[in-house]
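Alright, structures below, take your time with them.
You will see two complexes here that share subunit A, one where it goes with subunit B and one where it goes with subunit C.
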Partner chain A sequence: MRINPYNNVKYQWAVYVVFFIFLACIPTIVGDDVFLLNQLSTYGVYGILALSLSLCWGFGGILNLGQGIAFGLGSYGMAMTMQLQSQDILEDRIPPFMLNNAVETLPAIWEPFWNAGAGISLALIVPTLFCLIFGGLMFWGRVSGPFFAIMTLAMLSAFYTIFIDLQYLTNGVNGITPPMALEVGPYLVDPYSSVSFWVVFVALLLCTVVAKLITQSKFGLIVQAQKNDPERTRFLGYNVALYETIIYAFSGFIAAIAGCCFAMLTQYVSPGQFDVGFSISMVIWVAIGGRASLLWGMLGAFMVQGAQSYLGDQFLSTWLLILGFFFILVVRFLPGGLAGLVEVILGYFSSNSSGTKGSNSEPKRVD
Partner chain B sequence: MLASIVNPLILGISIGSILLISALGLAVIYGAAGVINMAHGEFIMLGAYSTYTLQSTMGMPFLLCIPCAFFIVGIIGFVIERNLICYLYNRPLDTLLATWGVSLVLMQSSRLIFGSDVKYIAMPEFLSTNLELGILNFSTFRLFLIAVALILLFITWFIFYRTRLGIKIRAVTQNKEMAASFGINAAQVYSITFAFGAGLAGAAGAMFGALSIVLPTMGMHYVVEAFLMVVTGGGSILGTVFASTLAGEIQSIFAFIFNDTMARGLLFILIVVLLRFRPQGLLSTGSGRR
Partner chain C sequence: MAGMLELKNLNKNFDAVHVINDFSLEVFENSLCCLVGPNGAGKTTTLDLITGRQAPSSGKIILNGVDITGKAEQAICRLGIGRKFQIPAIFRELSVEQNLAVAHSIEINPIKNIFSFSSKNYKTKMDEIADKVGLSHRLPEMAGNLSHGEIQWLEIGMLLMQDAPLLLLDEPVAGMTEGEVSKTVDILNELKKIKTLIVVEHDMGFVRRIADVVTVMHMGSLLAKGSIEQIEKNQEVRNVYLGTEDE
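This part shows the complex of A and B:
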C-alpha cells in the first residue's frame, strides 16, 4: 500500500518552498502599486494569525476564540512604540490624545516604550506572558475543550471593554494613530513600500518554519497525543497541562508578532483588534482552509480575506451571510476544510495509480 | 446611609435576574443536550425583533408578546436543530462552531430584513414608573424582570420535574442509550429540549429589547455573560441560578465601590480563579463533562 502523498513530509516541505517562492515574487508582479502591496502585506499578517491559530487549534486541539487578545496586545505595544518615536523624550513628552484627555504626565506604563527595542520586546513578551498565566490557570484546572474556548471569548470581550474604558491610556474607541512610520535604527520602515512587505514576508517565513519544525518534533508528537487523548497521555506520565500551556503561549507569541506587523503596516490600532468578530473570522479562515494543516490555514486566510475585499464590494450586505453559510457547510460536511478535500483527492489518485484500489485503510495523519 | 447599602444589594438581585433570564435557555440546552449553543445571543436578538414586529405591525400588547416571542424563536430553534445540530451531537467542538456560523447567518439576515438602525420596544405604562418605598427607590421594570425570571424558572422546573416530558428529558440526559432502550425517542427529546431552550432565549429577548435597545448585534453582549454563568454554575439549572444571583450581587457591590467596567473585569478575574480551583463549577456533584 502506498502512503498518501499528502502525508509525505518531503512533499510537504516542497509545497512550502513553492508557496514561499511564489510569495517572494509578489513585489515583482505588483510593481509600483504600493497600495496594493500594502494590502497584500496585510494579508500576510492575516496569514501569520491563521498560522498561529492552526498551530493552537488544529495541531494542539485547543480551540482559542480569543486569539485577538495576543494580537491586540502586540499591536498596541507596537503602536505605542511608534507613537513615542514621533515625539521627543525631553520637550514633547505626552502624545496629543493624552493632552486632550487632560493627562499631565506620561503614564508610567508608557515609559519603557521610549526605547524602540524595549517597546517591541514588550509588545511580544506581554502577550506571551499573558497566555502563559491565563493558559496555566485554565489548563492546570483542567478546563479544556469548549469551556476553554468560552473562557477565551469572555477574556477577549473583557479586554475589549477595558481598552475602551482606559481612555487616558489607549485613547478609547479612537485608538492610537502614530503619525510616523516605524524607525529601526537609521532605517524607516515605510508601510507603503516593498521594505514592509519583506518584513512581513520574513516574519511569516520564520514563523512557518519554526511552527512546522515544532509539529515534527518530539514535543509536537506529545502535543498531538494530548489532542487525541489527554487522559491516556496523562497516564503515560506526561504533564498535559504543561504541553497545552506551552503550545497556547507559543501560538500567542506568533499572534503578537502578527500584531506588531499589523500596527507597523496600518499605523493605526483600535479596540477593533479585540473585536469578537475579528477573532471569529480567524477561526473561520482556519476552519475553511483546513485546521490540521498550517499551510491551508494560511491559504484559508488569503482566500476569505481576498474574497471579502474583492467580492465584498458587490455583495457587501450579503457577504457575511454567504460566509456564515459556507462556514456551516464546512463544519457539517467537511471538518478537515479544503485541506481535507485535497487529502482525499490525492489519496484517491495515489491509490489508483499504484493499483491498490482495494485497500481502504486510511494512512495515519502526519501533518 | 442605609439606602446606599441596600440599594446596591437590590440592584444586585436585579442584575442577577437579567443574567439568569439570559442564561436559563443556555443552561437547559447545555444541561440536557450537551450542546454549546453559540447562537443563543442571536436567539435573544430574534426574540427582541419578533416582539418589535408584533408590536409595531399588529399593535400587540407587550405582555402578550413575551409568550409569542417564546413560540416564534422556539420554532426557529426547532428547525435549526432538526437540520443542523442533530448531526453534530457527538462532536461538541463542532457544534460550537456550527452554531457560531448560525449566529453569523441570523445576525446578518436580521440586518438585511430590519436594517441596522436602532429599534425600540414600547413598554406598558405601569412598567415604566419608579416605585418608592420609604428610603428605597427602584424602577418597576426591574421588579418585573425579577418576577419574570422567577416565572421562567418555575416553568422550567415544572416541565423538568412534574411532566412526562421532563422525565424523558432527564432520562436521556443521564443515559441516552439506556433511555432509548426503554422506548424513549432520544432524537425527539433533544429537538424539543433545544426548541424549549431557544424559546426561553426568545422570551429573554422580548424583555431585553424593552430593557435597552434592539439591534442585530445585541446578542453578542448577552451570550458571553450567559455562558460564564452556566460554566460557573457547573452546567445545571440550579447552579446557573446560584451563579447568576451571586455574580449579580458581586458585580453590583464592585460597581458600588469602583465603577461599572472595573466591576465586570474583577468579576471575570474572580471566575477565572474560581475555575482554577473548582473546574466543575460551583454546584456540581460529579466530575462533569469537560
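This part shows the complex of A and C:
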C-alpha cells in the first residue's frame, strides 16, 4: 500500500528544516531595513500564535476563540517588566501613567516585575495557570465543542473589559508603552535590530519543535483519539478531561510566549490584545493555512497578516470583505485549508509514481 | 464461590420510567454470558450501569469484591472492564495501528505519555492481537476505511490491547455477513478461555454458538437464566420472543 508522502514523518521534519533555514536567511535578505525586519519579526509572533492554536484546535479538536487571553496576559507581563526596567526601584518607583491616575504607591501586583527574570516568568506562568484552572473547570464539566468556544469568547470579552477598567493598573485603553527596549543582563534587545529577530526566531523554533514532538508522542496520539471519540477514549481508561486541560494549557503557554515577544517587539501593549476580532483572526489564519498542520497554520498567519499589511492599506475596510470571501471559499471547498490542498496534490502524484514510500505515517485530518 | 461481577438489585429510572427493575446477575470468571431480550429490555442500559456511563438509581455493582457503583468511566475501566459499543466506536481518523496503540492504556499519566515515542514495548502484543482479530494486513490503513466487520473486530482488538479481564460486548455481530459472524464466533470462543465476557445479542443462532450461560431480560428484569438448551425450552421466554410482543 502506498502512503502519501505528506504523511511521512521524516519528510515532514525535512520540510520544517527547510522552512526554518529559509526564515534564518531573512535578516540577510532584508539587510539594513530594520523597520521591515521588525515587521517580519512581528509575523514570527503571529506564527507562534498560529502554532499554539493549531495545536489546540487542529490537533486537539478544542476550538478556542479566546487565545487572546493567554497572549494578552503574556504581553502585559512583559510590558510591565519593561516598564519597570526604565524606572528606578528607589527614586522613581511609579510609572508616569500611574502618577496621572493619582496612584501614590506602586500597586503590590507590580512589585514582582522589578526583577526581569521574575517578571518574564510570571508573564508565562500566569496565563498557563489561568488555562489550567479555566480549562480544568470546563473540561471536567464536559463542556466541549461550540460551548467551550463560546465560554472562551465570553472570558476574552471579560478580560478586555477588566483591562480597560483597571485604569490605575493597566492605563486602560491607552495601554502601557515602556520607553525603553528590554534589557537582558547587560544587553539591550533593540526591537529594531536583528537581535530581536533572532529572539523571536529561536522562540518560534523551540515552540515548533516541542509542539511537533508532542504531536508524535503517545500523549499526542491520545489527544487525537479524544478528538475523534472522547467516549471511546474514556472507556479505554484515559482521563479525557486531564488530557484536554493539558493540551489547552500548553497551547496557552505558547501563546504567552508569543505575547512576551510581541511586547518586546512593539514596546506597546493595550487591551487590543484581548480584542475579540484579533482572536477570531487567529482562527482564520489557522483555518486558511490548514488547522491539522502546525506548519501550515504558521504559513496561514504569514499569508493573511502579510496580505493585510499590504492589501489592507489599498483596500481599506474592503479588505475585511476580501478576507471573509477567502475564508468562506476555504471552509466550503478546502476544509483542510491549503494544507489539505497540498496533501491531495502530493497524494495524486505519489499514486501516479511507482515505488512505495516509507510507512512511518502520521495521518492528518482531511475532512 | 462469588462471581467475578455481581449486580445486586439494580434499579434505574429515567424520570417515571423504570428501565431496570430489581435486576441481579452474577458472572463467573472465564465464562461467556449472553444477555438477550427483546428491544427495550434494558440490556444496553445494564452495560451502561456496569461501565459507569450512567449511575444506577439503587442497587450495587461489585467487581472482584470491590464496589464500583457510580464510579467514573475511566476509573471502572482501570479496574478491568472493557466495553465494545453497540455502534462501533473506533478512532476513524487514526490508522488501525494507532487505534491499537491508543488502546494500550497501561500508562495513563499524560506527563509520562508526552515523553513516550516508541511502540517497541507493545509491538509484539499489537501484532499478536492484530493477528488474532485478523487485521494484520490492515495495520497502516485509516480505521474509517475499514469494512463494517473489520471495524467490529478492530474494536474487539482494542479491548484486548486494553487487557481488561472482563469484556462487555454490545451486539458484536450486528450487520455482519454470515462469514464474518463465523469468524467472530471463532474469535469469541478463543477469547473465553482467557477472559470473562458478557455479550448482548439478539441473534439466537449466534448466541447458541458462543454462550455458556444465557440470561434473558424482559422489561428491565431477569426473566430466565440457564444454558441455551434450558432457555430455548422455557415457555415464558418463548412467549416474550414469539408471543404477544414482537421483536
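One rule holds in what follows: the second predicted complex is superposed on the first by the 354 of 367 C-alpha atoms of A that agree within 3 Å, B and C clash if a C-alpha of one lies under 4 Å from a C-alpha of the other, contacts with A are read in each partner's own complex, and residues count from 1 in each chain.
Everything below uses one rule, namely that contacts are C-beta pairs under 8 Å (C-beta built on N, C-alpha and C of every residue); 3 or more make two chains touch, one makes a residue touch a chain.
Quick caveat: nothing in here was measured; it's all calculated off a predicted structure.
Undergrad: Who does A:228 touch here: subunit B (first), subunit C (second), both, or neither?
TA: Only subunit C is touched by A:228; subunit B is not.
Undergrad: So in the superposed three-chain picture, is A:153 touching just subunit B, just subunit C, both, or none of them (first/second/both/neither)?
TA: Touch partner of A:153: subunit B, not subunit C.
Undergrad: Which partner chains sit in contact with A:165 here, subunit B, subunit C, both or neither? Use first/second/both/neither.
TA: first
Undergrad: Classify the contacts of A:246 with the two partner chains as first (subunit B alone), second (subunit C alone), both, or neither.
TA: So A:246 only meets subunit C here.
Undergrad: Give one of first, second, both or neither to describe whether A:282 is in contact with subunit B, with subunit C, with both, or with none.
TA: Touch partners of A:282: none, neither subunit B nor subunit C.
Undergrad: Looking at A:214 after the superposition, I want to know if it touches subunit B, subunit C, both of them or none. Which is it: first, second, both, neither?
TA: It touches subunit C, and subunit B stays clear.
Undergrad: Which of the two partners, first being subunit B and second being subunit C, lies in contact with A:236: first, second, both, or neither?
TA: second
Undergrad: Touching A:140, do we find subunit B (first), subunit C (second), both, or neither?
TA: It touches subunit B, and subunit C stays clear.
Undergrad: Name, in rising order, each residue of subunit A that touches subunit C in their complex.
TA: Those residues of subunit A that touch subunit C are 1, 3, 213-214, 216-219, 221-222, 224-225, 227-229, 231-240, 242-243, 246, 359, 361, 363, 365, 367.
Undergrad: In their shared complex, at which residues does subunit A touch subunit B?
TA: 63, 134, 137-138, 140-147, 149-151, 153-155, 157-158, 161-162, 165, 276, 280, 283, 287, 317-318, 320-321, 323-325, 327-328, 331-332, 335
Undergrad: Give the list of subunit B residues in touch with subunit A in this complex.
TA: The touching residues are 36, 84, 87-88, 91-94, 96-98, 100-105, 107-109, 111-112, 220, 224-225, 227-228, 231, 261, 264-265, 268, 271-273, 275-277, 279, 290.
Undergrad: Subunit A touches which residues of subunit C in the complex?
TA: Touch residues, subunit C against subunit A: 51, 73-74, 77-78, 82-83, 85, 89-95, 98-99, 101-103, 105, 107-108, 110-111, 113-117, 140-142, 158, 162.
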